[in-house]
Amino acid sequence: MNNENKLSFSSDYMEGAHPDILKRLMDTNMEKSAGYGLDEYTESAKEKIREACGAPDADVYFLTGGTQANATMIDAMLRSYQGVMAAKSGHISVHEAGAIEFGGHKVLTLPENNGKITAGSVESCINSYKMDENNEHTIMPGMVYISHPTEFGTLYSLDELKALSDVCHKNDIPLYLDGARLAYALACPENDVSLHDIASLCDVFYIGGTKCGALFGEAVVIPKKGFIPHIFTIIKQHGALLAKGRIAGIQFETLFTNDLYYKIGQNAIDTAGRIKAALAEYGYEFAFNSPTNQIFVRLSREKSEELSEKIEMGFWENIDDSHVIMRIATSWATRQEDVDRLIEILKQ
Amino acid sequence: MNNENKLSFSSDYMEGAHPDILKRLMDTNMEKSAGYGLDEYTESAKEKIREACGAPDADVYFLTGGTQANATMIDAMLRSYQGVMAAKSGHISVHEAGAIEFGGHKVLTLPENNGKITAGSVESCINSYKMDENNEHTIMPGMVYISHPTEFGTLYSLDELKALSDVCHKNDIPLYLDGARLAYALACPENDVSLHDIASLCDVFYIGGTKCGALFGEAVVIPKKGFIPHIFTIIKQHGALLAKGRIAGIQFETLFTNDLYYKIGQNAIDTAGRIKAALAEYGYEFAFNSPTNQIFVRLSREKSEELSEKIEMGFWENIDDSHVIMRIATSWATRQEDVDRLIEILKQ
Amino acid sequence: MNNENKLSFSSDYMEGAHPDILKRLMDTNMEKSAGYGLDEYTESAKEKIREACGAPDADVYFLTGGTQANATMIDAMLRSYQGVMAAKSGHISVHEAGAIEFGGHKVLTLPENNGKITAGSVESCINSYKMDENNEHTIMPGMVYISHPTEFGTLYSLDELKALSDVCHKNDIPLYLDGARLAYALACPENDVSLHDIASLCDVFYIGGTKCGALFGEAVVIPKKGFIPHIFTIIKQHGALLAKGRIAGIQFETLFTNDLYYKIGQNAIDTAGRIKAALAEYGYEFAFNSPTNQIFVRLSREKSEELSEKIEMGFWENIDDSHVIMRIATSWATRQEDVDRLIEILKQ
Amino acid sequence: MNNENKLSFSSDYMEGAHPDILKRLMDTNMEKSAGYGLDEYTESAKEKIREACGAPDADVYFLTGGTQANATMIDAMLRSYQGVMAAKSGHISVHEAGAIEFGGHKVLTLPENNGKITAGSVESCINSYKMDENNEHTIMPGMVYISHPTEFGTLYSLDELKALSDVCHKNDIPLYLDGARLAYALACPENDVSLHDIASLCDVFYIGGTKCGALFGEAVVIPKKGFIPHIFTIIKQHGALLAKGRIAGIQFETLFTNDLYYKIGQNAIDTAGRIKAALAEYGYEFAFNSPTNQIFVRLSREKSEELSEKIEMGFWENIDDSHVIMRIATSWATRQEDVDRLIEILKQ
């Protein structure tokens, strides 16, 4: 697994936590505090996140992982006769082992373009429901799920997000944003969507910790206080309530102190930028045009196997008998010297 | 919350983690490893737990909390037409916000005695189902849930556990043990049930980390390999799969190195012993006869309020208008000097 | 099963349908109409029920059976963090094969007295939730389920029903009444609760057809139009929507024409009255004091076996090794000559 | 709704029941029998169905409707980590209001051709699961759902059904067939799949009553006795157990006496044949090539509106701004004189 002779770029959650986080856990370790997120560290983390989002009244909760956050919040927002619209390639559509359906809800898949859906396709899904004379026999589109960055590393523009938000609110349904890798969007020059924008355009979203420097943890933000009544109990019911809530609180407090969350994103974007430039220079082909920390390269099987002897990449997809897509991911922890070595190998 | 002038004995999960655990997380932090528990630390932790349990083929998984572990494993074991038998006072019966029912399952409550159920009451529940001519219209008793120590800090004797195991297996249903505070049982002189016993008598159980010195985490042990097919996917579906699985793995590897898990229990039991002796000497009344780290004291409201000015205790229950039950809990982190001060206050 | 030489009093759903219903199905059989309850017979049945209930705006739906109606409507009314309060002996607590839990909801059982719960016990359940400092970790009492008549044939008085309604509405939770055998209450001299009362005191209830003369069918009434949004889809989702909705509609239209529903109740009550008088005269012991069409007799096993040779009764419960409770049920179809024969046998 | 001046061909469930069924219900009405399908009529119906299917040991249950049968049986067959493969156009994929997801299961949609799926696409779905290195994070294909005839009136050939059965059994997953309109397949000259074939190739299927001449009811057949343990309780839990089970039993006993089920299909096929010949002659365009009792015609909106003044058809789909698909359905109850009038109108 941690083969020392091999460069590893297979994912953005291979190390422990950003050292500042571990240090803070160490410093506070022997203090006593109340459980279940009722401690002062958690409260301070919530306050810092409210500030970062420009959402002074927001409800904020810390859950442990992405599938858990998605399944819990989607279940909390939908009534039984409603489903969640999501890209065919959305994480909830494919990679959550049916967690949404386990909660009783249908995922209404929309066509995707580089992992993104459009306000148009949301509107058309809603309209086709509205215009269907027999729609009482079908699941009502009840909310929208998007990820930013998407599973393909792509980004919504502010205009696209506004359009999605508009179509949702015109139709009285919530917009939910999965920010598992949000730090890598926020640090990306191509990104024009700020945390303030997200908080003002989305009804619920989460700021990812697990893939952005924490040991684990996702900060669910509900900008409008009380939007989901009894959410604490719903979280508990989904097995998503941490007894030692402060462990998550301390991590997010650290992430939102001294811009750490943004710095974490910055390193990933910088190193990914160098790798992409090299790939382009050496004639590699990109599978998707991802501006963030995930790079998807189309390779012949031979080339893929050759590279894999020296570099651990993430397997993404079989294209055909002779081609595959492999993922190269950078993170807060990616070191420039490893990027140098990687570029050298890619050059060969 | 962490009032420095006040002694705090309100629960056993008020601090971070045992220092050895934090140190180990620190030491390994920058290593890269595979996600989802497929790393070498997790593998090593599993191996050490298999050894400690005398169950060389056991499936072992690390989940984040007790409610999550219970809801996931009970859902994994029951078919839809079955329910889980548990003490009326069992954690799953009252304090899990309906997590078992959220998974579609009924909790069949049995009478409890100091938090414990008997093989006799299990048998009688099963027999009354079997002898009911209309039982096809009712939920079948499909497994047994017990906690050890119980929610009241009490312990099953080896004979009691054997009897429960016998009645379960005679009736072809699994026995599940919730060991949220197992360390405190293992270190208790009154306890005659070893990890080997548990592994040989129970079909599934978990070794608690959250309340026994870890930042979080519960080690689910399935002694008979393959007993629950596709358990990995079931865990994922319940939002219970950690992306950075190693964070849990490293913690349990540390807990099961150099007997740390037992030492953690020892401190809690020793300090609880001193407190109980003092309480008895000063004429306090115990609500339950708990041999482990939770002490339940019956107090008049006046006395309770008086003590609460100097000691943080856990509120347990209103008995009547003028009496309450309060909980004093010790842990791996309880310091002798705090016990000294507590005893002094109790004396007054 | 239909042993011609044996008197059968084992339940109130042993025959087909009241002849008027069958005749009406015959007369309308070859007409064509829209499906899913959108036909004129169903509309007419709804209108007649609205009138009978004094609820001109009520939403009315026809489902096929009691468990289905209970599971569907309870699921429609509860949010995931809520449970339904019901008597320990309530149909949903014991005899619906976990249908409520299958929908994700906990049944919060209350003590019963002859099958009934009191406003006091509802209030105390709600208060104990409210006063519990840790109630966010538990299921919130979210509605009340009662049956009228109860499973033991007993009746709520108007005052008792008003008190239940008051405590529910004071606490903003709905009151639901299962009227599987409502005809037998309405015809009972001891009953002082009218359909108008029920419609004004309950938020949702159903008027039983299956056990009151229909082939099948329960009329769910929601007095306040729109109280449950999208109920049509929820019914469909629970597999409870009849394609040929008119078959249920025609039956209820017939039941609510010319007071048929009340007449059906009358015969059951009259014949039950005769049987009860005879039982009392001959020194039999009643297990519950039921004023409706179900009679519960406490018998020694010998006597029970002796009677069972000549009379089919319903087995109710084992009391101890030598005593059982048996049920004698009358219905719209019970004939006076069979009652004569029954009384003769009881006399021996 | 039942406009007397208008011809109605909008669906195959517009009338009550075949007169033989009503007569039989009438004749047996006042007999007393046990509830819940434990009566002799139900037993006789089961026996006749076993015979018709050449499956002497089959478990047979009578449920009330198609969505209910599908949701109950699919839930009974799948484990939580599995999903059901079905055509994108399958009834469970679109028109059951999320009933499958309510039970916790994902529908894995496959491409369809005229409503049918192929063994090839099933195999490719299974293989792509098997070859996915991360498949433990996804839902496992756990069974196959097909309808025969399909929602588009098309038929599987015996070879196609055999191929589907083979690929299922090679992969140890059950094949389930929804026979809501099975009578219309069995009577169709193009059909080469017999009830014996279905019983030997499918693990579970249902023989439709609601759309084939019954008041309501679907006969679920499980050729291999005991294949689904505790199915009675599962049916009850889904609210699908009829108290007066015999009402369904009597209907199916009648349908399977003197070949009534086949005769019912015959009339629908004959009349549909005449209509299709006329449509072809007059130059109408078919949307799908359906050999059974549902005819799908592509019409301009003007033509559709013109025809709709004289004929009630079923609205199927908007193609574009100026074209629609309308459905003409025949049934056991379609009269030749109405077909004459319909043809005359179509001619104009």
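A, B, C and D are the chain letters, set down in written order, and residue numbers restart from 1 in every chain.
The definition used in the following text is that a contact is a pair of C-beta atoms (placed from the backbone, for glycine too) under 8 Å apart; a residue touches a chain by one contact, two chains touch by 3 or more.
Because the structure is a prediction, the values reported are computed rather than measured.
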Q) Measuring between mean CA coordinates, which chain is farthest from chain A? A) C
Q. How would you label the chain A and chain B contact, same or different, if same means the shared numbers make up over half of all numbers there?
A. same
Q) How many angstrom lie between the CA centroids of chain A and chain C, rounded to a whole number? A) 50
Q.
Centroid from C-alpha atoms only, then distance chain A to chain B, rounded to Å. What do you get?
A. 33
Q. Where the CA atoms of chain A average out and where those of chain D average out, how many Å apart are those spots?
A. 42
Q. Listing for chain C: what residues touch at least two other chains?
A. 80-81, 96-98, 102, 104, 136-139, 233-234, 236-237, 241
Q | Chain contact graph, described as a line, ring, star, complete graph or other shape | A | complete
Q. In their complex, what parts of chain D are in touch with chain B?
A. 36, 75-76, 79-81, 104, 136-140, 229-230, 232-234, 236-237
Q | Contact footprint of chain A on chain D as seen in their complex | A | 80-81, 83, 94-98, 101-102, 104-107, 131, 133-134, 136-139, 315, 318
Q: Give every residue of chain D touching chain C within the complex, in rising order.
A: 1-2, 8, 10-11, 13-17, 19, 22, 25-26, 28-35, 38-40, 64-69, 71-72, 96-99, 102, 210-211, 215-216, 233-234, 236-244, 246-247, 333
